[in-house]
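This is the structure, below, for whatever I ask next.
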Amino acid sequence: MGRWLYVCRRVVGALLTIIAATILDFFLFRAAPGGISNLAFVPGGSPQLKEALRHEFGLDQPVLSQLLHYLQALLHGNFGISYSNRQPVGPQVAEAFMHTLPMVGLGLLIAVLLAFTTGIAAVWFRGGAVDHLSRGAALVLFGIPAQWLAMMFIFAFRDSLPSGGMHDPFLIAPSFLEEAQDLLRHMILPSLTFGLTTYATFMLILRTSLIEALSEDYIVTAQAKGLPVRTVLLRHGLRNALLPVATVLGLAIGTAAAGAIIIEAAFSWPGLGDAMAKAVSQHDYPMLSGTFIVITASVVLVNLAVDLVYGWLDPRVRL
Amino acid sequence: MNPPLLEVAGLDVFYAPLDEEPRRHIVRDVSFSVSTGQRLGLVGESGAGKSTTLYALLGLLPGNAEISGRIAFEGVDVLAAGHSGLVALRGHGIALVTQSAMNALNPVHRIGRQLREAMPSGGRGRAARRARVDELLDRVGLPPSVARRYPHELSGGMRQRVAIAIALASEPKLLLADEATTALDTVVQARVVELLHELCTELDLAIVFASHHLALVAQLCDTLATMYAGRIVELGPTEQIRDEPQHPYTRLLFEATPDLGERKEHLRSIPGAPPPLSDVLPGCSFEPRCPRAVEGCRVRNPAVEPASHGGEVACLRPERVEAHG
Amino acid sequence: MSAIAARARATLRLANRRRATTIGILILSVFAFLAVFGPLIAPYGAHEQVGRPFEPPSSAHPFGLDGGGVDVLSLVILGARVSLLVGIVATAVSIVIGAGVGIVAGYFGGLVDGVLMRITDFFLVVPVLPLMVVVAAVWGPSLFHVMIVIGALLWTPVARVVRAQALAVRERGFVRRARAMGASSGRIMWVHVLPQLRGLILTNTVLMIAQAIMAEAALAFLGLESAQVVSWGTQISHAFSSASMSAGAWWAIVPAGLCIAIVVLACNLVVIDSGEARARRRPLHLSRRRPRVTAQPKALEEQVS
Amino acid sequence: MSAPLLAIREARIEYPVRKASSLRRRTQRAVDDVSLELGAGEFVAIVGESGSGKTSLANAIFGLVPLAAGEISLRGERIDHLSARRARRLRRGAQMVLQDPYDSLDPTLTVAEIVAEPLIVYGIGSRGDGSRERLVDEVLESVGLSPATDFRDRHPHQLSGGQRQRVGIAACLVVTPDLLVADEPVSMLDVSVRAGILDLLDRQRQESETAILMITHDLPTAAAYCDRMVVMKDGAVVEQGPVAQVVENPRDPYTVELMRVTPRLRQETRGVARMP
């Protein structure tokens, strides 16, 4: 009963956050000095043209009904028309999203695997070489700008791996295997960059939480029972350390999203981030707004998932 | 005569410095023995080394600790095998109950799981293990439904009963209790102490009960050991020590503890504070606070000697000797 | 005289114990010096073409030249000013908002807390960089805009931790006593709550500087900063857009990124000690390091027989 | 007849409880219909287990929690439902000693600053003329922290537990209160220093007629020092009366039980109390 209420609250909260973000987006683009309300006017255009444009964009209607119109359109997947290529934004954003997913997925996998192995090792060999090495690596990676790391990789692998895009355009009639191999070759550098820059946060959080958990009294109880060290470390230590990790992980996803945008821009990976970067340089506001909403919604939903996992991990959660 | 269940001789525990602090000598030359069914109480104030002594017996000290001395369980010298000898005692013969804070139980696992985990592995089927969970809970006076609960759903007293059940799961012969009732209310505390007493008599369980609560220890234990600054300064049968304490510290501790119905005029505090455990004192560690101290107390550390009450005392001028001239 | 010597010795001892902090502070001081005196030190101007594009490092130009034929060493020295300035201004903005919101919410609780935390939670969940991109894009590229946008959007984590700590301090005995005494809220906050939060706010300030510098570089890379601004961020961005990688001109890429990495690392070093020291004092109940069993039993002989 | 120093009449304290399963707000009674009087120079103990409402009652005296019903008056003047400013003037006569001496002193202040705080809050003395410093030194000496110059500039972490509690008491006595409310004043201290702290409170009562309301779960200590004892359970007073009467002739079943299970040190028939 308590659990279901928790789930409902979280889901409603996430939906409200997404709605609030779209409203924020609406006002940002309309109210700001460089916003749509000014952009819709062609310099030197006749008053009739201005009026027609105002009417076309619905700017002659009250703000509230404009907002409702906008939200209604969004609900139907209608994100407007791109300024740069005159195509609907919706399908473009959807396609970009499908491109981002595998790259970020592989990157996250790299980050989580690395973080768990080195994080646990760092705590177990605390104060030793592994601890210092992995902590040092995390601290250095923490400070490296993603775009810079991307450029270093492009430079280092300029003869062996492709530096941009998703597919080799010169591949003629490839088999499925060849295609997959080609995709992987293109994906490896962006994913690695994403994984390494994200790894630092994950590892440092895991290390701190595990240290915290291992200094609790239930670890004494577990050892006094005569349990083997592995069981105490994993079932009692790590299991409890996962709770704070889950909390911070959700927030780290937002930072990771930032990394993804930059990395995609650097590798011209045709995902959401690249679309956003292009939209900025082309002043393509509908596209910018569309990518913003989709990125925000994804991050909020990932956070929701993390919250739900937390509720499942921690029996004390009720609220 | 059979060897005692547990024999500790010349136990020393040091803590190597972690930060800038000096090396600390927490437990100093502690010797005692416990036989089957015996209830030994360790009393003393904070920092006296009670908990460290108990934890040392199971090798549960932090990594910067150094142990030396002799610990024999059922006649076998476990320290000879180094740290691993102590680890082997966990879950086989010796069990521990810690302070009843929320933290002693893992918050994310159900009680049943934490109990099953503590059972000796092998030789038992799933159903038998479940039956044993019910049996253990019943043993400590809890209904079987508790097995499906999480620690946060239980009251402090129930949690402490669960902790005792976990300790009993391995069928130990000796139970170490570290301030096991301190966080509980008086009525609940009395019930838990009653449970411990009952277990001792019915299961022939020996217990070492460390607490700062003198009256409680005196009530539960047949043998009393007073600890001060890492040493056992007096040890003997509870009643005799209570009636004629020989170490000045023991006497003062009794005088500082109010008994129900006693007025304040009978109470006295001990001036001063215990020495820092980093100090190497040539003489008796209680000397600076002792009303009976003489010049010799400052230079000579008194050895543990047999006392007239049948126990032992470490004092150059024990109270009894003075009284008799 | 000896008092000064003793004080110096004590400082040295502290510096030795807190080695990471000391190293961090030293590194930051060097960069702060560059930021202040950069224009006096830099051998060339930031927009001055002194040779062919992508000239490799030589004795005249130890870091080589970039795609526009500008001396990279000069760029790195001159870039320190804007990068650190963005870091500090943005941090000041976000710490003032964050600590203010955190303290007020944590101390007063109730409805104030509820409203402030809902707002904080919203901005905490909404990914910051995309939002910064949108705001900066709509607002137009400018250094000032970048500083304000970063500052105005990075405050949420600060508000969160400060609030949690303020809530904890509120429950402390001395605050309860002061309230029982009838001390005013202002006095309690100023005398009792704020001093307990000083360390936390300081730590967050240092970490925030690092984050703001990284954010500046990210916005610059996405073209949201005026190309005329000379910062490490714009240098990386220029190096990227002038295809330094394919030209093999690693010297045009490495220095600016390295500077950012070093400054961020130094910020982390400054604060890492305090946390680690606290953690070290709390020994783990489970660790690879086992208690040492020394000096064999005194009474072994008797036992053997 | 003059009004008693402290009078609590039919006090009720409620806390809001939030339950996940229901969206409605509910309240839980922490203190229910408690009446209590305290005369000048009296030493009264409120005894109870955790959750008995004794700390809530202490908080209410200082306006830290609101009363849901009833009234509290100090020297005949009501102090609940008062503006902060007026209440401050009235409450100057009542001060609070807390349980955990590690927690009750601000770690960032010095002993002198801690003790001087009430002087500043109530505007006693002035900053420049050294009158506050003199008062602080006097009161430090009087609580046994002498010479005061040794302690004035120390921080709490440089003191032992007993010394910290003495500083806490000094910070109350500096404004010469008529009433001290001591919430578990010795329960975090070592047994060997407890008597010293309680003797200090007792001496203050005898010398200055300060009334003391001690809140504790430690029955023997309460019985040793107090004139009167109030036993609370689940927010209500179950029994109150002179110590000798409550200890030797308890009437309420709960009090009877409490007396029976309290471990005795010098009791003739030693052994574990059997539960019915």
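Assorted remarks:
Should a chain be cited, it is by its letter among A, B, C and D, assigned in written order, with residues numbered from 1 in that chain.
Here, a contact is a pair of C-beta atoms (placed from the backbone, for glycine too) under 8 Å apart; a residue touches a chain by one contact, two chains touch by 3 or more.
Quick caveat: nothing in here was measured; it's all calculated off a predicted structure.
Shared contacts of subunit A and subunit D, meaning chains that touch the two of them, come down to B, C. Counting C-beta pairs in contact across B-C and across B-D gives the higher total for B-D. With centres computed from CA atoms alone, C is the chain lying nearest the middle of all the protein shown. Centre-to-centre spacing of subunit B and subunit C amounts to 48 Å, using the average Cα coordinate of each chain.
Mean C-alpha positions place subunit B and subunit D at a centre distance of 32 Å.
Subunit A and subunit C, compared by their mean Cα positions, are separated by 22 Å.
If you average the Cα atoms of subunit A and of subunit B, the two centres end up 54 Å apart. For subunit C, the set of residues that touch two or more other chains comprises 283-285, 287-289. Touching two or more other chains at once are residues 216-217, 220, 223 of subunit A. Counting partner chains per residue, subunit B has residues 60 touching two or more of them.
For subunit D in complex with subunit B, the residues that touch the partner chain are 49-50, 160, 162, 190-199, 202, 217, 219-221, 223-225, 247-248, 257-259, 261-267, 270-275.
Touching subunit A in their complex are the following residues of subunit C: 121-122, 124-131, 133-135, 137-140, 157, 210, 214, 217-218, 221-224, 233, 236-237, 239-240, 244-246, 248, 250, 253-254, 256-257, 260-265, 267-269, 272, 275, 279, 282-289.
Residues of subunit C that touch subunit D in their complex: 172-174, 176-184, 187, 191-192, 195-196. Partner subunit B is touched in their complex by these residues of subunit A: 216-218, 220-227, 231, 235-236, 239-240, 243, 313-316.
Within the complex formed with subunit C, the subunit A residues making contact are 17, 20-21, 24-25, 28-29, 32-35, 123-126, 139-140, 142-149, 151-152, 154-155, 158, 163, 208, 211, 214-217, 219-220, 223, 229, 232-233, 237, 251, 253-255, 257-258, 261-262, 265-266, 276-277, 279-281, 283, 285, 288-289, 291-292, 295-296, 299-300, 303.
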